Amino acid sequence: MSTETYLRFHQIKRRFGRLRVLTGVSGEVSVGQVLFVNGANGSGKSTLMRILAGLLAAEAGTVDYVEEGRSFDISERRRAVGYVAPDLALYEELSTLENLEFFCELRGAPRSRAAELLDELGLPHGRLAGALSSGMRQRLRWGWALLDRPKLLLLDEPFQNLDRPGIEQGTELLSRHLEGGGLAVVANPGPLEVPHVAGRIDLGR
Amino acid sequence: MSQAESTWAAEAAAVFVKDWRCEYRTRYALNTLGLFAFTTLVVVSMVLGPVGNTQVMANAVLPVILWLIILFAVTAGLPRIFVAEEETHTATALRLAATPSALFVGKLAYGFTVVVLLEVLITPLFLAMVQLNVAKLDLLVAALAAGGFGMAAGSTLIAAIVAQARTRSALFAVLLLPALVPGLLFAVTLTRAAIAGSDPGVELRMLLLYDGTLTVAGLMLFPTIWNP
Amino acid sequence: MRTLLLWLLWLLIAAIMVGSYLFAPPMKSFVGGGESSRILFFHVPMAWTSFVAFIAAGVWSAIFLKTRKRRHDHAASTAVEIGLVFCVLATVSGAIWAKVEWGAYWNWDPRQLSILAALVYYAAYLALRSQVADDEVRARVAGAYAVLGLVIAPFLFFVAPRIAGFSLHPQPVVNQGMKLQMDLSVLGILIGGSLGFMALFFWVHNLATRLALIEDELDQA
């Protein structure tokens, strides 16, 4: 009990103006598992991911993240998750290395981690983030998410813009993460080949 | 885990360095502020001429004009502090990585150094173009520094607020100016005293108090503005 | 009970209006034999009430930031709206008085300018609210601005008029050296009027907030 790590959310509701986007979504995921959220664009999939990451407040419902028996409040959760999403951007005027090193400083990861991840993902160190192709941008997002080895990964459309080798590498990284004691929520508008799926939520009308 | 390893000061410093690195490569803020200030200065100078030797102008009008030029440039160029992060969608990454108070301080430091650079560039030009002599130069420097700090602190907080609104930059001046009235009053009075060579009285202490209050208010309110 | 209180409030305000003309003596230091000084009984309470309204907005905003309950946010924005009405009335009545006393509606007097700055500050608050789409963000962000106002408003209402040096405004008569400088009957009507207007503010505010909450519930249904 005291070393448990899990994410649980219960009856999450959210509307934007008069539009009801989430009408009471619940789910949970534990170590070594993936919770798969299937939702077309506009179904509230990204809204749910933002709420889980702590970027957006739910109107009603609760989110509980517990890591090794300790409960995290929303601000701790924000800085503990690894988040990949289509609208996540890094600084265009900085190089890939400068970007990741900056975030290493903020998140408390050793600076060497930046170069290490760039090498693993096959990204050039000196190229400006604004000059990357869409596939490289997506790989950079993965690098950003994995900087301080988070236990919880929230992946919204993780394989977007990736080619076959990119998808294989992403799957490999995810498997390694899960086998190393991590958990993940993966959201996608459509089916996805993802290992260790233990639960599934279908959003949308 | 991760939180314990990054110190607050290191975070603030990292934000400051990152902002200046980006600024150095693009020069957006400096160009905007510099251009606005310089253009206003030229217009003022053309309209007024070298009136600095007239007593009434030196005491009453010119100190206000100098501060208005700085204020105008600040309103044009400082919203970027947070609006740029939202517009380029880098705010998401920042929200998930930075401690809010450290982020605020780093941004405030950046804003302040931008204002100081502007003042260093514009003030000598202003003094020369209107031919104004300053009796107590050290008091003028103190007024510019303390007044500039107040502008930076207010601007950083208000920029964070408008970054979440729709019309952003348009709303910035409307929200900022009334909040800056106290600081501007003190700064102008101090500048007057510097030019005339008279005793500043209690004004400098009041200005520093105002700066401190604004900074504390910003530190306390920023986390609520920045995160849900 | 409620009706009784409302009748008492009505009586109080009626008494103030009558008393300000029939009961209080004209203040000789004012122009035209002092009859114009009667505007004091409306202008000053309006200004004080708007200040109370803005402080209340700041307090309710602080409470909202703690509790995150909608009704506190509504209470804050309603307080600003009504406070602005009182502030406009104070500014306008002040301008009328200025015209009679000093010959011009606007004199660049520090007190006139600082109440104008306060007016702009809180008008900006409403502008901000209209520019944020999401309810939750709007409440948070406007709340922060109102809390900042807790620092700015006292300065604008009470400090700025005193430090800007030369002022045409009559010196503050109530607490100069903690001695009462004015006639007690004048003071009585002034305080009574202030209390009356503040009570009026809180009554209207209560109604408006309840209305806003009902509208909210209808929206959600």
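We call the chains A, B and C, going by the order they appear; numbering starts again at 1 in every chain.
As a working rule, a residue touches a chain if its C-beta (ideal position, glycine included) is under 8 Å from a C-beta of that chain, and two chains touch if they have at least 3 such contacts.
Since the model is a prediction, treat every value here as computed from it, not as a measurement.
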{"item": "Winner on C-beta contact pairs when A-C is weighed against A-B", "value": "A-B"}
{"item": "Far-end chain from chain A, centres as C-alpha averages", "value": "C"}
{"item": "Chain nearest the overall C-alpha centroid of the shown protein atoms", "value": "B"}
{"item": "Computed distance of Cα centres, chain C from chain B, in Å", "value": "31"}
{"item": "Distance between the centres, which are taken as Cα means, of chain C and chain A, whole angstrom", "value": "50"}
{"item": "Distance from the mean Cα position of chain B to that of chain A, given in whole angstrom", "value": "37"}
{"item": "Multi-partner residues of chain B (at least 2 other chains)", "value": "228"}
{"item": "Where chain C touches two or more other chains at once, by residue number", "value": "133, 136"}
{"item": "Set of chain A residues in contact with two or more other chains", "value": "57"}
{"item": "Interface residues, chain C side, partner chain A - complex", "value": "133-134, 136, 219"}
{"item": "Complex interface listing, chain A residues touching chain B", "value": "53-57, 67, 74-76, 78-81, 83, 85, 87-94, 98, 102-103, 105-109, 144, 148-150"}
{"item": "Residues on chain C engaged by chain B in the complex (per definition of touch)", "value": "65, 114, 117-118, 120-121, 124, 127-128, 131-133, 136-137, 140-141, 143-145, 147-148, 151-152, 155-156, 159-160, 163-164"}
{"item": "Chain A contact footprint on chain B (complex, rising order)", "value": "1-6, 10-11, 14-15, 18, 21-22, 25-26, 88-90, 92-100, 223, 227-228"}
{"item": "Chain C-facing residues of chain A, complex", "value": "16-18, 57, 59"}
